[in-house]
Amino acid sequence: MTLAMNADALAAFLDREFPQVRGDFDIREISNDRLCVALNVADRHLRPGGTVSGPSMFALADVAVYLAVLSRIGPKALAVTTNCSIDFMRKPVAGVPLLAEAKLLKLGRSLAVGDVLMASEGHPEPVARATLTYSIPPER
Amino acid sequence: MTLAMNADALAAFLDREFPQVRGDFDIREISNDRLCVALNVADRHLRPGGTVSGPSMFALADVAVYLAVLSRIGPKALAVTTNCSIDFMRKPVAGVPLLAEAKLLKLGRSLAVGDVLMASEGHPEPVARATLTYSIPPER
Amino acid sequence: MTLAMNADALAAFLDREFPQVRGDFDIREISNDRLCVALNVADRHLRPGGTVSGPSMFALADVAVYLAVLSRIGPKALAVTTNCSIDFMRKPVAGVPLLAEAKLLKLGRSLAVGDVLMASEGHPEPVARATLTYSIPPER
Amino acid sequence: MTLAMNADALAAFLDREFPQVRGDFDIREISNDRLCVALNVADRHLRPGGTVSGPSMFALADVAVYLAVLSRIGPKALAVTTNCSIDFMRKPVAGVPLLAEAKLLKLGRSLAVGDVLMASEGHPEPVARATLTYSIPPER
């Protein structure tokens, strides 16, 4: 299977369509059914005590599955998240990027489902996990 | 039942402990098992097209249940979210606050569960719903 | 709004299409956006200690939203559950039916979302809650 | 790490404590953090068209994580499911067992979290996925 967008194309798309999160995310690896993206943890992502906030982890999981879907179907900004379940399991390690490894479990005509496992770089224990469903708009 | 914290006490606590989100949330109403909080939608909460971002809706749901829990058990900053399921159902209406109505379904010794329904102010159709579980640390 | 199927029509449909669960469920009330269905708790639904099993509560939540959807769109056996999040909060009371109150939050062309609150008859505290998404097949 | 219970001990425990599901499940493999269990699909697990019912898939996911937890902490029948999110993605293949591969993501003092991927034997595409949280009762 050929990817519809590679890492550079995805990064350019993200920069153009989602300027609000520019600089937050780095695509690390990409293959047919997996994508690894890093959250560059900055002050605005933190809670007191140095922990990454829940909304920042949600954002990381969301972008990871979104990019995994786009890598397969091409640049459709209109794909929207319809559901997410997320479990927060451990405190992230301070001062290192938080990595998300996304895996597409289903890529149907109208729905895509992906799993995400998040861990602090260099620390294998999972910090959080999430599953997201995306609704893919029909072709015009 | 008497509330452990009223709206003013909760707002002061939020300001002090979570300065990163200062100004984002207004507590509108509070009773024994319900709490209504508004997201003051600003540019940083938006996605292209004027829709409120998923992470911003997650943050609203999270703070709504957190405040509902604190209103009953008092100021324990260490209560942490362990799980969230969230469904995004409609596009929020642009230019108005997004309201979250939280309801506590369980307040046990170690776990609390709350439901949240979100809607744009003045528009009854639900924009999103969420359920969150909080782990409450044992007393020292 | 007129219901596409009333309680009698739904009960007849359930009996015909799902003979495996015949006798398990009683439709108690139905209106435009709410439906109440009871699980007639029998030995096969129990776990040691007399508690209703998790799969039986899942089945109750699933049928409640399914019937709520059918009451609005008519007898489409092919609507399928795509996602469920469920929280188990209290032990059900032994020896009484378990009631599920379902509420439709969204009824779109291709996706429906419903919330369910479950409680033992005569006991207001919620035993469990669930949210289910149904995929509705396109018209032929 | 040594397992607290091996496959034979788990199977004997399940038979003794959960006689209602006797014969439904076969433990196929077990290691430190993974456990594979099969649902022996029988008529009572089916829906019209030969598909495995949602409650049967929920039951399979639930037992898979339960056994994975017990394999590590020993025979504590009182561990209870507090939360499950489950996604149904494809129709199972008729006439073959449904396999669940469970992986423990967290085993804390009071909460355990496990992921489950389900697929029809001999068919790699995932039929469903689930994440479950178990509450572990404190030692007396």
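Here are a few things to note about the model shown:
Going in written order, the chains are labelled A, B, C and D, and every chain counts its residues from 1.
Going forward, a residue touches a chain if its C-beta (ideal position, glycine included) is under 8 Å from a C-beta of that chain, and two chains touch if they have at least 3 such contacts.
If you're wondering where the values come from, they're calculated on a predicted model, not measured in any experiment.
On a Cα centroid basis, the chain most remote from chain D in this structure is B.
When the C-beta pairs in contact are tallied for A-D and for A-B, the bigger tally goes to A-B. The geometric centre of chain A is 34 Å away from that of chain C, both derived from CA atoms.
Chain centres here are Cα means. That of chain A falls 23 Å from that of chain B. A straight line joining the Cα centres of chain A and chain D is 28 Å long. The residues of chain B that reach two or more other chains are 82-83, 85, 87, 89, 133, listed in rising order. Those residues of chain B whose C-beta lies close enough to touch chain C in the complex are 85, 87, 89-90, 105-106, 113, 115, 117, 126, 129, 131, 133.
For chain B in complex with chain A, the touching residues are 17-18, 20, 43-44, 46-48, 53-56, 58-59, 62, 77, 80-89.
Note for the complex: chain D touches chain B at residues 82-83, 85, 110-111, 133, 135.
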